[in-house]
Structure formats: structure tokens, C-alpha cells
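Sharing a structure, written as C-alpha cells. Questions coming.
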Amino acid sequence: MHIRVIVPVLDSDELVGKAEKEYRSFAGDGVTISAVPLQRGTSSIECGFDSTLAAPEVMRLAKEAEADGVDACTIACFTDPGLVGARELVSIPIVGEGEASLHMAAMLSTRFTVVITEKPFFSLIRRTVSHYGLSASLASVRSADASVMDLNESHLEHIIAECVDSVERDGAEAFVMGCTGTGFDMALTIEEALKERFGVYVPVIDPGKVALHFARAMVATGLSHSKLAYPKPAFARNEYRFA
Amino acid sequence: MHIRVIVPVLDSDELVGKAEKEYRSFAGDGVTISAVPLQRGTSSIECGFDSTLAAPEVMRLAKEAEADGVDACTIACFTDPGLVGARELVSIPIVGEGEASLHMAAMLSTRFTVVITEKPFFSLIRRTVSHYGLSASLASVRSADASVMDLNESHLEHIIAECVDSVERDGAEAFVMGCTGTGFDMALTIEEALKERFGVYVPVIDPGKVALHFARAMVATGLSHSKLAYPKPAFARNEYRFA
Amino acid sequence: MHIRVIVPVLDSDELVGKAEKEYRSFAGDGVTISAVPLQRGTSSIECGFDSTLAAPEVMRLAKEAEADGVDACTIACFTDPGLVGARELVSIPIVGEGEASLHMAAMLSTRFTVVITEKPFFSLIRRTVSHYGLSASLASVRSADASVMDLNESHLEHIIAECVDSVERDGAEAFVMGCTGTGFDMALTIEEALKERFGVYVPVIDPGKVALHFARAMVATGLSHSKLAYPKPAFARNEYRFA
Amino acid sequence: MHIRVIVPVLDSDELVGKAEKEYRSFAGDGVTISAVPLQRGTSSIECGFDSTLAAPEVMRLAKEAEADGVDACTIACFTDPGLVGARELVSIPIVGEGEASLHMAAMLSTRFTVVITEKPFFSLIRRTVSHYGLSASLASVRSADASVMDLNESHLEHIIAECVDSVERDGAEAFVMGCTGTGFDMALTIEEALKERFGVYVPVIDPGKVALHFARAMVATGLSHSKLAYPKPAFARNEYRFA
Amino acid sequence: MHIRVIVPVLDSDELVGKAEKEYRSFAGDGVTISAVPLQRGTSSIECGFDSTLAAPEVMRLAKEAEADGVDACTIACFTDPGLVGARELVSIPIVGEGEASLHMAAMLSTRFTVVITEKPFFSLIRRTVSHYGLSASLASVRSADASVMDLNESHLEHIIAECVDSVERDGAEAFVMGCTGTGFDMALTIEEALKERFGVYVPVIDPGKVALHFARAMVATGLSHSKLAYPKPAFARNEYRFA
Amino acid sequence: MHIRVIVPVLDSDELVGKAEKEYRSFAGDGVTISAVPLQRGTSSIECGFDSTLAAPEVMRLAKEAEADGVDACTIACFTDPGLVGARELVSIPIVGEGEASLHMAAMLSTRFTVVITEKPFFSLIRRTVSHYGLSASLASVRSADASVMDLNESHLEHIIAECVDSVERDGAEAFVMGCTGTGFDMALTIEEALKERFGVYVPVIDPGKVALHFARAMVATGLSHSKLAYPKPAFARNEYRFA
């Protein structure tokens, strides 16, 4: 099974290579991973503008993935740029990290908190959760108070304090790391800190991992998005101009 | 007051000129109208793919409009392509035809039906209504069974029959012409037909008119979108590549 | 265009004259404004009882306005007394300040806070927001801690502190001045204070301004409430006794 | 225990006497029933206008009932005219037939249908159900196609056919007779017809009976509406004019 | 009228006898009360496991009650164990304390808080409120910080402090004692404390009282749950094994 | 990885053996499957009574599975009997077929229809969908008009006709086979029929497959249910009696 990770930011060999390596590390046996960046877009996605700018390229890369014989794609960003349009273009499963991780959170808890980079993007996150019809389960949005590019281990203490406060004040029972750039180890570190603090297991969801394994589950069960919900664009009767 | 209509389809002098003329015809005294098309995109917007492809250009044109000293923009498409990102980029009011017409419908009735071109796009319309939190008032989506480009007066009879049926079976009390390309006279013709059929006034909302007058109302009241909801992108710290 | 402002409190020349003057100041060219008070009711509207008592007179005045050839009415109270019944009686647009300002807030932000006079009326406000189906976007209700009659500039500091706290704790991105008696300059003053505090524009909505310009937009677009949603009362078959 | 039934229509000895007699017939031992009509209002309530016109008198009569030492009031109309304001005025339980019967329907089924007199009032009924937050359980609204005054046993066959159709097409599992003037035997007759048709018990709720017994339950358990939700009007600081 | 209280915990003569006596004390004239415990289950219900374990016995006891000629049953636990299955088995009204008290709270206020024993069960309570479609009115869940078995008058001060805080911070206007083991006097004591604190009446709902009087109201009005919503199990075609 | 399928019906070697074999056929490499039946319960689950009766055994078997070193369990019934209690008892992931398949349907479409055995259980299915907060996406419930035990290939034509009608009348875009006993090939056959009828891919979800692969995804990502949402029962302080 071949899963392609669309990394919806500008080409940076380091970043894409790192992502590819990390995805491979938890993909499991029998899964080939390839990661691809955008040609147009921004170097990180932090707001609606960035996400909107990335979307056309995500659609193009989904089409390319299908032509390459890839079995499924994931979009490596919590705002799921281009998800709807990409599904219209192709038949293979396209899994957004936002959608996948929010549904996972809804299955593991009755109320969850999304942790993102900075306060100004709370509104964007609320719109994303609402878009998937899961607002009733959103305990709160909390921020790391650091940009995607700056975020590193030095912010851990602050993030953990926000998570603890969210359990106590907002009734959070699980967490989604909405700033997917936080990396995979960070989720585990926070999970351990919460276990120590509360004495019980509190899931901290890494959207990248969940999206990959949901894509795998779709391929394994032979399921994909409905073409009644995501109909094929009318290429034949419509003029298109990309550049 | 100068309002710019962003027509989110490929340049076609005929189309943009026609739109500009129509908008001027109902804008009222003291309002200057200018209409602009996209350089990249599709010749009509009928699905998520088309809308997604149009969005970056809409954002660019919103930015350009603000630089031109325009007072407000409307986006001439029911799917509101690029609305969130455009609001992040600028301070002047940006009004989407979808958002404006759906809120108008919610103020004029308790249940409304959206009429669009073709059945495959029902899902896109439902997502749009849900995005604005107004799904509870959506009686149904109905289709003209004709593409945006083909839609003409010969389809009127079918559309009116669908509207009548929607009143009787779905409890619709008002209509929104989601296929904004249907033109402004069509809405009035349907309104008259419904009045004749039911003996009372049933509003048939033309999104273009409502968006224009809501933009005018925002300028007149000195209101615009919250910059806490639509924060400015981090240009300074992020690399952008458009082409 | 002639818009009548129904001021749903007891006749007080000073009040009605002041309202008329203020409405004229922002109505724009080509709009005639007339303001009328109630013959029965209370000297201010602060609770459900006051609002219910005012409603029959509002309906009567809407009927009178239509007979006078007025193009549209607004009801100058956030609780929209008599709105449903008035729409049943007439064909011209009747715009409630509550409904209009809440829909405007929903278009300018994803979460807004309503500021009212006193805490005991929080429940009434929540019922009003829920009535219009916009509860999911209500960040909170906050109070000026002063009655409608007492409210003056000395309360500004407290109101601004409440607004700042509401941004920080409730995630408010916009404000609606639910105590419409606060006057129009107060909204601007708060807007300026919030801009200074947060560094960005945060809309503070004056319901009177928005209702007036939505009424104007309805007249300009030829739209009014659906008579399927607001059917004409059965005068012919029903005995009525007003006094 | 003394329960007063506020019959929110114009005085008609026959009507009020009949209501009083019927209420007594199912009130049970130890309950005194008194019924009172309005001095101002309409001879029947069929729309928002009628309901709004009745509301001030309902509030006055609630106040009078409390002064008379009555233990609780019911308001004998599905639209619950004056309910909020009456609760603000008094401390004794005030039970609306709409609110009581809708909550009962929600406890006895997962989806219910409200049967009313005529189609034009569907919108008013939907607003009432939505006002109580129970829209998600509303299967449909169906009509007797007869006015309150005309409704009689000759319409039974049509109503039963509507109910049967509502079970089969809308998934209704219970019914609320929203046209409270239909009388108490009508509900039982429909219940029997549905039992014969479907072979099982399908509740047909008479709002008058339920409101009376909910009022009784409130008195028996010592409960009444929260004065935090229904605060006392500010008589002391506000001028009132009733006539 | 004979109402049976199913006490869904293990047999403890003291407990069941105490419950029976208390229920009798407020049942009113003409009502016979009998209380029965479980043969299998747990000594108190504090979580989903306890509730699930109790459910089969509740269903058996409901069947037994109907065979005994009882008119209605209540289930004496806020989580309503076995309610759905019991209704499928029998025709007599089965009233859950959770369902009944939540609907009562929704009728007496616009926002209520549920008070339970301990924080770990917040999630279970939220699921219960959501199950009945009343989440929009839930201000918060608060805890007594004591187990069902330990809870006594010494915890009153803490509970009252939580209630006061809930009014001030969460906007609670009424309370439901979700820990039904708290006993009936506790609700009254808290009600008095809140009246003293806020100067107005704030209802504190004892689920046991409300369930009993709703059961009484159902019998008095001849209503029971819809057999379209709670169909009879297919005993004839299905093998059952209980032990 | 070892996944145990709890088949919540009475022991029938044929049934459990068949289930085990089928699950193995699509589990993929590296996954051990074991299936276990109940000692108490019913021979099929068709209503709330059956589901409630099965739940205690499901909890016991989940506990046993954890003791056996199993990595995750699925519960092979759309009503998810015992899911909440089982999660409280154990730390390993417990996946209900109802919850898993409904979330999958929500990810693959905007509106889906659940197909079950017989009309009387529509209400149970609606409660299940509502329990997971996904009612807004439920297009309809449709029935095979055959009991679980009787259902066979001869009913395929009727089921396919119901699905086609559901696409055309209810706007269904995907299907969930709520009668999990329908077997795995049936879903594929219906999917093919719909593809032929509508010309595009329409997902028909087999809950058993999805539950298994979601369980696998949870184990692979190291996630399980939150112990803040599903706290451990208080064994130490509470007496339990199972038989």
C-alpha cells in the first residue's frame, strides 16, 4: 500500500525529508510513504490566507498522486487545505489531518481541546471544528503562544500548563495538537505529563499519525469518499486557467 | 461610495461588463461600481474545485481593491471563494453573496430553499449553509437541472415547478437563487409566479443584490469584519510564493 | 425612501425627538426618518414584561406606518417587541434591532458578546439570541450594571473592562450593544478603546444603525418578509377587541 | 390546590364555562379549577398577531391569580402568550400548554408531530418548538385544514389521515394537538384510530390536560420558575401605562 | 394509583425502606408507593459500569410491576438505567429520574447546572443530558466531591459554594441534584441558602420527587410512551438466556 | 496485534466461527483475530431490550480480553451494547461498530442513510446516531423489512430499491449497513448496484470492517479512550453482585 503525504508548504528539502522519515517510522509494515511539498504557497500555514493559497496545489498533487498509482493521500495540515476540491478530482481516499483527528477525538472522549500555535488563529480552528459538525464536543482552543516556525521544546512547559488548565476549567478529556508542525514526540511528552498530573491516561492526538492510519483503514476496507458528495468537476464544458 | 464586485471567473469582457451594468442598475445614487474578473480560475464556478481554484485570485483582488481606495468588495459567487483569506488580508468589508443572502433569507422567513444549477452540487450548498450555522433553517436544496453556462429562460418553468413543490413538500417560505449566474430578472419572474400560485408574497432572493446592499450598509454604519476573527497574515515571518 | 422608527416606550418628546435626530444623522441621503412612541407601555424596556406590554402598540404602529405610505419600519429595542405580529399585519419590511444586529454580528465574527444593562436580563437576551438560531456564536452576555435610564458615560470604564475581559476569557471577537438606549457614540468610544487595547479593529455594533440600514437594504432590493412565514391574520372571521 | 386556567381569548360564557367543566373533569380529587377569559384580545388565537394581542391580559390575569391565592396557572393556548412576562410578574408556577405538551412529547417519543388548524400557521408552530429547544425531535407539522372556530368532528377523518401519513412518511411516533381548541375527546378518538391502524399505542397529547397536571406536579413538588431566569420587573423605577 | 419505585441498587432493607418512606411522604393522597431493589447490580450507581450492570434487573422489575397491576414505575437513578429496554417490555409509563428532572429544569429556567457526587462522572452526566437533547441548556456540571455512600450534611457547605459559583460564573438559573442519593431535604436546604444569597427563588430540583409526580401526571392524563418509539421485543422468534 | 471481536449474542458455534473467519479475511497481515459470544443475552440483537441484556456480558468479556493480553476489542453490533461501561473497566481500545461506522460515514459524505432490518427499530437507530452527535448528517433510516435471522440475499432487491430511493428523496450520499448481520458481501453487492444505477461510487459501509480497522489504527497510533471520560469504577468501595 502506497500513501502519499501532501505537505502543503513550500519546498524545503529538510522539512519534507523529515516528514517522510517520521511518517515512515509509524506507518507499519507493508506501507510505502512518499511526501511532496508545494510549488506555490507559503513556508508555513498559520491562517486562512495561507491555507487558501495552498489549496490549488494540494488539488494538483492529489491528481498527480492518483496518476502515480498511489492508494491514498493525507494532507499534512490541521486546516485541511484543498480537501473538498481534491476529493472532487480523484477517487482515491484523501484524508485531512483536521477531519481525521477531530473524529478520533470525538470517539475517544466527550469533550476535547485543540492546541494551536497562537491565539489569533482560534477563530480559524473553531471554523474548522464547526465545519465537521463537532463543535458540541469542543471544550476549548488553547495556544502554545509561539509561531509554527519557532515552536520547540522550550514551549512544552507552557503547553502542558495550558492542557492542565483546560482539563480543570474547560472539562477537556482529550487533546488534539492542531499545530501539526509540533512534531510527533511532543504529543507523547504531553501525554506523559498529563498522566503524571492526573493519574490517568489522557489521549494527546497527533493528527499526522491518525490521518495516516485512517487512510490505511480506508484502503484496507475498500472505502473512499462518496462521489455523490464530491462530484467530478465539469472539465469538458468549462475553461480552466492555472497560471 | 465605491464598491468593487469581484467576479470570480475567468476574464470575459462580455460577462464582467454585463455584471457591472446590472450591479449599477440597482446600486442606487452615490455608489460607484467596478467589476473585476480573475486571471486564473475557471469560466464558471460549479463545484468545490472551481471555487478553490478561484480563491487565491479573490484574495489578491481584495488586496488590490483596498489599495485602490475602494470602500468595500463583494464576491459574486454563492460559494464565497476566498472570503476568509480576503478578510484576513484587508480591513475594508468583504461581503460574500452566499453569506449575505443566507442571512437575509433567515431574517425574512423561518425556512428557505436554495435553488442551484445541478443536483451534483447539493452537497456543496449544504456545506455552505452549514458553514454559516444556518442549516436548521434550510428547507431543502433544489436544482434547475442546467449548468451555469446553459441556464436560460427556457428553464424557468422547471425552476418554478421545483419552487412550488418545495413550498408544498419541504415547507419552504423563501428562496435563495444559489446559482448567481441566473441573473437578476429571473428572481423577479419566479417571485411573480409564486405570488400568482400561492396568492401571497414569497421572497426570491438574488444574492448579488443583497451582497451589494449589505456592503453598502456596512460602509454606512462604519462596520467591518473583526480583526480578532480574521487576523492579518504573518507576512514578515513567512515566505510566500504565488507563481 | 421613508423609514419609520417605532420607539417602543411611552411618549417622551425629548426621547423620541432625540432618537429621530440621531437616526437622521446616519441615515444618508434620500432617506426620510420619522420616529413614533407608544401610547401604552413602559418608559423603558428592560425585561420580558415591558417588551410584552409594548408589543400590541408596535403592531398598531406598523399598520399605521403602512397606511401612511412608509417604506419600512424598524423597532428600536433589542428584544424586538411585536416583530412577528407586526410582520403578519403588513407587507412592508419590519426590522427588529435585535434580529438585525445579531445577524450582522454573525457576519462580522465567529463569536460575539452582547452587552446589556443589568445581569437579571441575561436570560432574556439568551432567549432572544436563541430565537434567531444564533446561540452557537454567542460568546457571552455581559452587563453595564446600570439601568437603561441611569446608563451614562460614567459607566463606560466598567463596560470597556467587561468587553476586554470578554475577549480574553470568552473569546469574543465582536460586540453588540444590546442596551440600545446606550446611544450611538458609546459604541464608537468602546470600539476605540478596544482598538487601543488589542491593537486591532473589533466591531462594536449599534443595533439602531444596523436595523436602519438593513431596512434600507430591503427596500432597495425589493425584499420583504415572506407572507408564508408571516400570514395575514384572519380579521374577517375573528372578533378583535383592543380596548 | 387551586389551579386557574387563563383562557386567552375574549369573554364568551359558553367557551369559558365549557373549558372550566372539561378541566374539572380530569383534574382529579383535591384540585379546584377556575377559568378566566380576556377583556381584550381576539375570539380565537390563530396567529402571532392574536397571541401578541392576548399577552398583556395574560400577564394581568396571572398577577390577579396570585393575588387571589391561586396555587398555579395554566395558559390555555399552544403559543403560550405572555408566558415569559407572566413568570416575571409572579412567583406561582405558570404553565404554558405549548411548553408542557412539547416536553411531554419529547419524553414519550423520539420524534413527534404537531397537528394544528391550518397550514399558514406552520411557521408559528415551528418557532414555538424551536423556542423550547426541541426542534430536533419535531417530525413535522400537519394541519386539520379548518379554523379553530370551524373545527369539529367532521374533520376527524382528515386529521387521522394526516397522522397516519405522518407516521409513515415523517417517522412520527407521537402527536401533539397544537390546536388546543380541538377538545379533549378528539385526542382520544385519534389515539384509538391510530391504535387500530398500526396495532400499537401511539400517544396523542392534549396540551390542556398535560399543562394542568404539570402545574399540579409543580405545586406538589414545591417547584416554580427560577427568578434568576424570570426576574421581577422594575416597577419602582419605571412608568407604566396600560390603557 | 399505585406507583412502583425501582431502586436500582443491591438489596439493603434499610435503603429501600427509607426510600419507600420518603416517596410516600410527598406522593400525595390516593397514591400507593412500593419500592423494590435489585438482586444483581452494585450497592450504589456512580458510573456507566454500575448503570449498565443494573439495567437488566430494572427491565425485569418493570415487567414484574406491570404483571402486579402497578400503574407506573420510576427508576430511582439519574442515569436512567434500563429505561429504553423497560419501555419496550411494558405498556405502563416508566419514568427515569434523569429524563424527568432535566425536562423540569428546562421548563423552569433557560440554563441549569447538574450537581453530582464526584468529578470523574462529569462525562457520564454530560452524555445523559445530551441523550435527552438538552445540552444547549446545560450551564455546567458541578461536584460535591464525595461518593454517593459518603455524602452527608457535612458536604452541604461545599455544595452550596459550588452552586453559588455556578450562578456567578456559568449563568446557572436552576439546579438538578444529579446525585439522587443526596436525599430530599438537602435540595430544600440548598434552595434556602441560594435564596438567602441571591435574594430570589432559585429552584433546586430533586429528581425523585419530579419523577414520581410526572409518573402521576402520565397516569392521570392516560399517556404513556409510544410503542412506535419503544416497540415490543420479538420474544417469539428470539432465544433469550438470563442466567 | 491481537484484536478480539465480542459478538454480543448467545453462543452458536456456527455464528461465532463464521464471524471469526470473515473478520480474519479482511484483517490484513500481522493481526490475530479471536471472536467470543455471550453466555447470557439473546440469539440476535434487534431492539433496546436485547442490547441492554447483552451489555453486562460485553463488559465482562472486555475485562477478560484485557487480562488475556489482547490489544483491542470490537463490539459486533450497531447499537454498541456495553461500550461505555467496558471502556470504564479497561485501558485497551474498545471500538463499537455503530460509533466507528457513523464517524466513517461522516468523513466520506455530508449525509448518510442507515439501513436496518425492520421499521420498528428506526427509533433505536436515531437514538444511536444522536448519541454520537451526528444527527445533522443523518439523511434517513431505511429498512430491509426482514429480521436479522431471516435476512438473506432474497431481500437484496428491496434493500437496493430503498437505497436508490434514499439517494433520490433523502439526499443520501453514503450508506451504513446498520444490520451488521447482513454480512460483508451484501455491502459490496449494494455498492455495485448503486454504482450501476448512479454512474458514480457511493460508499456502502460495513460496520464490522470499519470497527476492526479503527481498532487497528488506535493500536498503531498508541491511542485509546480517555480515562477522564471513562473513569475506572470504584470497585474498592462498592459491593458488586453479578449472579
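Letters are used for the chains, namely A, B, C, D, E and F, taken in the order the chains are written, and counting of residues starts over at 1 for each.
What we mean here is this: a contact is a pair of C-beta atoms (placed from the backbone, for glycine too) under 8 Å apart; a residue touches a chain by one contact, two chains touch by 3 or more.
These numbers come from a predicted model, not from an experiment.
For the pair chain C and chain E, chains touching both partners: A, D. A rotation of 120 degrees, rounded to a multiple of 5, brings the CA atoms of chain B into register with those of chain F. If you average the Cα atoms of chain B and of chain D, the two centres end up 42 Å apart.
With centres taken as mean Cα positions, chain D sits 51 Å from chain A.
The geometric centre of chain B is 27 Å away from that of chain C, both derived from CA atoms. Counting only residues that touch two or more partner chains, chain D has 109-111, 123, 127, 130, 133, 136, 173, 228-229, 231. Taken together, the chains touch in the following pairs: A-B, A-C, A-E, A-F, B-C, B-D, B-F, C-D, C-E, D-E, D-F, E-F. Against chain A, the residues of chain B that register as touching in their complex are 10, 39-44, 46-53, 55-56, 59, 82, 84-85, 87-89, 120-121, 123-124, 127, 130-131, 133, 147, 149, 228-231, 233-234, 237-243. Remark: chain D residues 109-111, 136, 171, 173 touch chain F in the complex. Of all residues in chain F, those touching chain D in their complex are 122-123, 126-127, 130, 135, 141.
Residues 26, 28-30, 91, 95, 99-100, 103-104, 106-111, 132-134, 136-137, 167, 172-174, 188, 198, 200-203, 205-206, 209-210, 213-214, 216-217, 220-229, 231-232 of chain D are the ones touching chain E in the complex.
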